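Naming follows writing order (A, B, C and D), and every chain is counted from residue 1.
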Amino acid sequence: MKNKQLNIQQVGEYFKDGMTVMVGGFLGVGTPERLVNAIGDKGIKDITLITNDTALPDKGVGKLIVNRQVKKVVASHIGTNPETGKQMIAKELDVELVPQGTLAERIRCGGSGLGGVLTPTGVGTIVEENKQKICVDGKVYLLEKPLHADIALIKAKKADKAGNIIYDKAARNFNPIMAMAADIVIAEVNELVEIGEIVSDEVMTIGVLVDKFICVED
Amino acid sequence: MKNKQLNIQQVGEYFKDGMTVMVGGFLGVGTPERLVNAIGDKGIKDITLITNDTALPDKGVGKLIVNRQVKKVVASHIGTNPETGKQMIAKELDVELVPQGTLAERIRCGGSGLGGVLTPTGVGTIVEENKQKICVDGKVYLLEKPLHADIALIKAKKADKAGNIIYDKAARNFNPIMAMAADIVIAEVNELVEIGEIVSDEVMTIGVLVDKFICVED
Amino acid sequence: MKAKERIAKRVAMELKDGDVVNLGIGLPTMVANYIPKGINVMLESENGFIGLEAVGESADPNLVNAGGQPCGIIPGGAMFDSAMSFALIRGGHVDVTVLGGLQIDQNGNLANWMIPGKMIPGMGGAMDLVIGAKKVIVAMEHCSKDGSAKILKCCNLPLTGKGVVDLIVTELGVFRVTEKGILIEEITPGVTIETVKSKTEADLIVSDHLIYMKNVS
Amino acid sequence: MKAKERIAKRVAMELKDGDVVNLGIGLPTMVANYIPKGINVMLESENGFIGLEAVGESADPNLVNAGGQPCGIIPGGAMFDSAMSFALIRGGHVDVTVLGGLQIDQNGNLANWMIPGKMIPGMGGAMDLVIGAKKVIVAMEHCSKDGSAKILKCCNLPLTGKGVVDLIVTELGVFRVTEKGILIEEITPGVTIETVKSKTEADLIVSDHLIYMKNVS
């Protein structure tokens, strides 16, 4: 079996200017900090960032915003990182705000081969602008399209050497669906175990979805 | 906290003639046999049955077909139960065949407040008859609509008294999504434990979705 | 008791035993402190779990509420991913959501996520919550800091949801959104209907069964 | 070696190390017996797991393949629900699917799920597999039991998928579906092109690099 483990120095080769990257986490909880830092270290530019929120200026993906490495962000919330709003108002950063549940479904669609979902969320609000409205059995829905990325960076508690993953508590959030929706998936895990040590019923993200991982302590 | 545990005699009161019922299982594996038998015992008629397949004549939901309790079945496969095909050809049973992945998504939609999904599955086949085709970014998809039931009968390995559930191996299949998509959810479990004995990270179907359960050995 | 506490205490009375409840950040979070004895609710946290407790046994960096603050989880609680969290919310599995409001109008429209020209935090999970929860309660102070009305004939801020609000609880009373308009059902002792009307732009219908606001003592 | 075994053995050569593979019921299942040494594939079972083994340590009633037969799971395998199973399949996470066929035509159309007027078993997961897997291989005997051709100019049975087939492996050879039509790339030793053509309704293009069918010894 192929070795999926990388050290942090090897991660940089997967990052390219202009890449679309999904990063797991909710206000930085469940965000792979070392992988995010590696994007910073390599000085990658013009990133399209898909993530729930832009965290804090010194935490999670917030650092990429502060470093001005991001060209566009697709997120549900940017309020905890004032830098995001500043760059948006100055038209230095393109921000697409997406309702959180819609963001989750769009990512799930991207990983599941679906062309979109119909959601009632956002009907009658500015979220419906430029979107197709579809009536099903008398109720109006917005057609929301899939999101897909070049690379997804996810955070987990534990992996086995095959890449099977277990998340910890509220650090799960967007990580499992992002692991479905990118060409390359790199995980940052705190603990590495032998194959067979994670029971098949308890696997939360299956190994074949995870291309590479680094193992570091928090 | 309300007691969710029933004995098998109490289950019958939840069944009504003409009900739409989802039943978990794949060729009978992961099907709550006792709950299905209880439908038989009560002699419920004119059921709309949503299930992956009609199992075998003497196993799982197959018995309901043989007993002629089912008016309509929505399933992906009926080949292992010859009685289903016979009744269909005799126009005694209405059969809606749905690709398995589409069936899963339609059930998930029904439980998730979505108005439908766009799937490429079935485009160019008879599955597309009477369905809206929607083009997204140059690719054609079928709009597949939600499925919802009056009652879902699911099978699990273990529950705690709050109804939190853990499934066993390939007996998981359609059970978790059906537990989202019905007004009333009744589980058949093999083991009952105290609240707190199932770790929060390992819960597969959350207790608030499960209205009632019976605990029986297989 | 301060206005916010009175509001939170009154909202808590709306919760029924067994309800699945999502509480927004700020004032709505305070509702958890006033849930009556004998009423067990399951608090859903949209970042991915059910069984939220206000205070955890210990500060676990991976156990935070939707505001990113440390929290706990009750025995019998469960974790899930964001897709499942919003499947629960959008799918009608949440009985009650309590949110703050910038503006509500007599059509039940709610605006609470952005003010054009100011910093825009984003809607987070609010748009899903108001469309998906069976009951939407707005818990807020009756007027803006500048004294202007927040319960309007027609919202002029960008909406969070259209026709979604069921109940509004403020320090002045309890207001139900009905097909005919906004019905004042409870009023705070010592406050007159005239005072409430003067602080409300929407047409107010006074309930035939108007009572003093419950639980304000 | 019988025809079915030769077909299964040849299909197995198409699998690459690390591939995620779904094998249909019947002949395709036999492919698992011939996977070359050094090639590790992960078999996906659409009823809800990855890491299928042909034989389990013990007969566990809850561990069956998509045909309902007892099976095993390798260390490192994982279980999931049906929505996830088909998210994997439809989402392009399955590298290869191997299915049987009733008819295939030169546009890559596949019919393998029903014959009007006969018993209709249902499509099960086949329609998702052919649309979602990166590579679709049809493994089948070249002709029907009555001797009629199955590789046609145009399918007349209801389709399983439109333009989905990449490769056809029969006891007579290996056929690639290309934009120009069906290309015979490998032929079984002792069989002539004329024989293959006589048993094939579709126009056959003979590859400039036609070779004997690999792995037939």
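Methods note: contacts are C-beta pairs under 8 Å (C-beta built on N, C-alpha and C of every residue); 3 or more make two chains touch, one makes a residue touch a chain.
Note that the coordinates shown come from a computational prediction; the quantities given were computed from them, not determined experimentally.
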Both-way neighbours, i.e. chains that touch chain C and touch chain A: B
CA centroid of chain B to CA centroid of chain D, Å: 29
Mean-CA-position distance for chain C and chain B (Å): 35
Gap in Å, rounded to a whole number, between the CA centres of chain D and chain C: 55
Two or more partner chains touched - positions in chain A: 105, 108, 113-114, 119-120, 167-169, 172, 200-201
Two or more partner chains touched - positions in chain D: 49, 73, 79-80, 86-87, 89-90, 131-132
Category of the chain touch graph - line, ring, star, complete, other: other
Chains that touch, pairwise: A-B, A-C, A-D, B-C, B-D
Interface residues, chain A side, partner chain B - complex: 105, 109, 113-120, 132, 134, 136-137, 139, 141, 143, 145, 166-169, 172, 200-202
Interfacial residue positions of chain A with respect to chain D in the complex: 1-2, 108, 111-114, 160-162, 164, 180, 195-196, 200-201, 203, 206-209
Interfacial residue positions of chain C with respect to chain A in the complex: 45-49, 60-64, 66-68, 73, 79-83, 85-87, 89-90, 109, 119-128, 131-132, 158-163
For the chain D and chain A complex, residues of the former touching the latter: 17-18, 20, 40, 42, 49-51, 73, 75-80, 86-93, 131-132
Residues on chain A engaged by chain C in the complex (per definition of touch): 26-30, 52-53, 75-80, 82, 85, 88, 97, 99-105, 107-108, 119-127, 167-177, 218
